[in-house]
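Take a look at the structures listed below.
Shared between the two complexes below is chain A, which pairs with chain B and chain C, respectively.
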Partner chain A sequence: MDLVEIEGLRIRFDADGQVVYAVNGIDLTVAEGQVVGVVGESGSGKSVTVTSIPRLLPKTARCEGRVRFDGIDVLNASAAQMRAIRGRSVGMIFQNPLAYLNPTRTIGSQLMEPLLFHHLAGYQEARRRGLEMLERVGIQNPAARFDNYPFEFSGGMLQRVLIATALIAAPKLVIADEPTTSLDVTVQAQILRLLKTMQRDLKMSMIFVTHDLAVAAQVSDTIYVMYGGTVVEQLNAADLIRAHRHPYLAGLLDSLPRLDRPVGRLPFIPGLPVDTRQPLAGCPFFDRCGVHTDDCHTLPALTTVGPSHRVACWRVAGELVVTDPTAKAGGLSGCIPESL
Partner chain B sequence: MVRFVVRRLFFMALTFLVISLVTFFLMKAAPGSFLAMNVGVNGASFGADQYQVSPQVMQAIIRHYHLNQPWYFQWWGFVQGFITLHMGTSFEYPTTPTMTLIRQTFPVSLSLGLISVAVGLSVAIPFGIIAAVRTDTWVDSAAMLAAMTGTAIPSYVIAVFLILLFGVWFHIFPILGYQGPQYYVLPVLSLSIPMIGASSRYLRNSLIENLHSEYVIAIYARGGSLRQAIFGNALRNSLLPLITTVGPQLAALMMGTVFIEEMFGLPGMGHIFVNAAGRRDYPLIMDSALLYAVVIMLMNFLVDIVYGVLDPRIRKSGRMG
Partner chain C sequence: MQAPSWTTAEARPSPGSARLRRSRTWRRFSKNRLSVIGLAFIVALVLSALLANQLTPYPPLAPNFLAIYQPPSWQHWLGTDALGRDMLSRVIYSLRNACIVGFGAEVVELTVGLLLGSTAGLIGGTVDTILMRVVDVVYGFPSFLFSIILVVMIGHTILAILIAVSATSWVGMARIVRSQVIQVRQSAYIEHARQMGASTWQTLVRYVLPNSMGPVLVAVTFGIPANMMSEAALSVVGLGIQPPTPDLGELIIIGQGSVLSYPYLLIWPALLFALTLLSFSFVGDGLRNVFDTKSGR
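After this line comes the complex of A and B, so read on.
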């Protein structure tokens, strides 16, 4: 059994009569020790999806489907059961570390909290382990920094503190929600390396949420590409460039600047992101897809197209039964390069 | 921190001078004078008993109080007298030095104000917490309706209501004079009820905002409970800004004591202040106005210092205000 099993998850937000359909049926699994990258643009539902695992969504969220973590039915678990998981079996790392630390308390006191909340250690022991953890995430002179306040740290240092906090209780799963987005590029690389090393050393599973395909490919084993609250493609990170199939992912990869091509205007995906205020009818990418057909008015299911490779696209799924290789050449050329 | 204190003290001195000037000119601009009011209308009035109306004595009085001197001389006389605590005597109480008058009456007003703030805060804080935790339930609505009503009704109207309720109908508390602590109950309630309203609303909103902020989500993510989120974190961060509202609240309260002392017959400074203004008792008007100004400025100053000490961002960076 996998550590995380999400099946048919739908999440909508109901606030003052305004409904937002954030997640529209998602399947996602994380095996023990696996790193799963969740990639998508803002509003694609990636953060909402992963935040539902420790059930930290705001009260206005309505969830349907099934979320299992470590054998616990998260959506139906009691509040006490959930508290017992958070910080102990699931650690969270957030995008903007300064906002996620209480400005009026020392970083040390916040760092020790997972141990203290779960009675895993007394104060002295927690402090000792906190110092050790700070050292491990690369904070110089941890004893002196322990009693500093968040405003006395730089963004990169704070993110290290947040990582130390998330990992101090040695959780089975760490959820990193855009951990490098607010950092500058050199610090980004350091933080990524640190996360990856820690994940390997502590033998944890990790869900890594990002909008950066390159970053996702660097850290993850498996990548889920999300669009409009659905997973449009799931594939091994190693296959990302070679074997991607969905028109959206193709468009994304196409729009990356490349050094091995003449410099010109970058291609982009025309159109606007999905309006999440409407319930999803059909493929979320329909309006922006250059190859849509009449089939695309109904939502395609994730279909297996190879070993640990699934795509939700009528065109791609349709091709599987098409025997004549020349038939596909027209519409999809450029979308699916050499891999077929 | 030292720089902040020095700067602040400088501005307080400046404010003090401005207040003294404004008070002085407003006082002079008010029609009539103590002598004219109490002598001119009818000879049997209160003042006429003390001041013989012969021109010679009148001249002597005018000289004694420097009323024939240029304005800046008079003004500085008041300010200097106040600063050096040699205030002399007033028109109305020619035999009691103003210092003695203040010593006798001001503690009543100040304690009334401070006790009201203390009572107000100790009721407002639990009120605000309960309303914030039970947001959008009937508990919240009821608490906030009560708070709004309390804020909207001025303290002297509340005082009348309290006198009716506790004094006239139920005979629980005395309503006039000062012979023991129980005489404080109704005045303190009348002053603190509006403050409870304002402060609990403030705390509720600030606490709700804090409870929805990211750092509280992070506490839940570490396995913390609502209790830990409130008492270890959000409450403290909401109380910090609440402290800053206490200064202005206290200023409003001290002004409120002027009415309340009149209504409950408390022998406080407010009573003397009002009488002095009504009777154009120049020295007493100046001294009481300056005293209130200094007390309010000092309280605000203290509140800011406390805030600076409690908030690590200010304490450690040393930047304030």
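After this line comes the complex of A and C, so read on.
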């Protein structure tokens, strides 16, 4: 059995008569020790999907379907059961570390919280392990920095602190929700390497949410591409460039800037993202898709097209190859760095 | 060449150490010199109220008919009143009641305000609506009238006055706490706390309240003098502490009766009262500087 099993998950938000259909039926699994990348544009429902695992969605969220984590039926578990999971079995890293740390308390005291909340250690032991963890995530002179306040750290350092906090209780799963979006490229590379190393060393599973295909390809084993609250394609990171099938993913890869070509106008996907205030009728990509047919008025299911490769597209299911992948395989290697 | 001394990181105290943080707080507070003076004045007041037994040169209640209406002198620094009682002793003793009611009612106010405000803010929904409507109703009461009714009902004891003063003053505090809690509750670090497995109680005590304290503390420095005012006002209408126990309000109203012949009977208690209220305002300003992080360090 896999560590995370999400089946047919639907999430909508009801706020003052305004309904937002954020997630429209998603299947996602994470095996032990696996890194799953979830890629999609803003509003595609990626953050909402992963936040449902520790059940931290706002009160206005209505969930359907099944979310199992480590054998626990998350959507029906008791509040106490969920609290026992958070911070202990699931660690989370967020986009903006400064906002996610309490400004009135030292980073050391916050770092120890998962251990103290779950009574995994006494104060002295927690402090010792906190210092050890700070050292591991690359904070120099941890003993001196332990009693610093968040505003005394740089963004990259704070992200390291947040990683240390998420990992201190050695969780089975760490959810990284766009952890490098607010960092510059150099620091981003350091943080990615750190996350990957820690994930390997601690033998954790990881869900890595990002809108950056290149980053997802670097870090993940498997990539889920989301659009309009659905998964449009799931494939191995290694197959991303050569074997992708969905028109949306093709468009995304096309619009990556490249270093090995003269600078021109970047290709883009015409149209606007899905209006999430309407329930999905048909393929979410319909309006922007250059190859849609009449079939596309009904929502396509994820169909297996290869080993651990599934696509939700009627054209692909009907054996049509959307774009010629060999044409750009060579060129793309310039924009996606080597795997870590 | 010798390396500059600042290259040795260990030699410097870490910038976030508790000691330095405390000094930063103090530096911001003392930026306004009046705040420091006000704080010193309040400390002096509280000390003299506590040590009234040791400090006062004469018993505050003992009449001395051989020394009535004496102007300030070396024997009686602030003069004597119609019964020959030493004004200095009476003023110091009257501080006691002012402090008991001022601080005591504030403690009640803070407790009730924190309890109701954080409950309403944290739980929200129907609980919030009900609690805040209760607050609105109490807020709509003419608070002084309410205090008068309470004192009349319970009696002229210090406890009754304390209850009467705090009975209506908590509403403002509850509103401030609620608005703060609602604001802080939406912060990302609260989500992070929940993510780390904090219970509602732990979230409240370790995350929400410490971050809500700024405006609450400032409100406290304005609440204490307001309570003292209410207490004095009750004395003025004859519903305060029972004479002969001295009380600032009562001293002022008696002094006002003979202001043309014996102005010092009015001036000293009134001056002391005014300075007390002013000191609290200054301290409040200083605290606002401490918590106002927007105007730079």
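Here are some notes:
Here, the second predicted complex is superposed on the first by the 319 of 340 C-alpha atoms of A that agree within 3 Å, B and C clash if a C-alpha of one lies under 4 Å from a C-alpha of the other, contacts with A are read in each partner's own complex, and residues count from 1 in each chain.
The working rule: contacts are C-beta pairs under 8 Å (C-beta built on N, C-alpha and C of every residue); 3 or more make two chains touch, one makes a residue touch a chain.
All of these numbers come straight from a predicted model, not from anything done at the bench.
Superimposing the complexes on chain A yields a three-chain arrangement in which chain B and chain C clash. In the overlay built on the shared chain, the residue A:F286 is in contact with neither chain B nor chain C. In the superposed model, A:P54 lies in contact with both chain B and chain C.
Touch criterion met: A:N141 reaches chain C, while chain B stays clear of it. Contacts of A:Y149 after superposition on the shared chain: both chain B and chain C are touched. The superposed model built on chain A shows that, among 20-28, 38-46 or 164-172, the segment of chain B colliding with chain C is 164-172. Looking at chain A, you'll find residues 54, 56, 83-88, 90, 92, 94, 96, 99-106, 113-114, 117-118, 149, 152, 165 touch chain B in one structure and chain C in the other.
For chain C in complex with chain A, the residues that touch the partner chain are 9-10, 14-18, 21, 187-189, 191-199, 202, 206-207, 210-211. Partner chain C is touched in their complex by these residues of chain A: 54, 56, 83-88, 90, 92, 94, 96, 99-106, 113-114, 117-118, 141, 144-145, 147-149, 152, 165.
Those residues of chain B whose C-beta lies close enough to touch chain A in the complex are 212-215, 217-225, 228, 232-233, 236-237, 240, 311-313, 316-317. Those residues of chain A that touch chain B in the shared complex are 54, 56, 58, 83-88, 90-92, 94, 96, 99-106, 110, 113-114, 117-118, 149, 151-152, 165.
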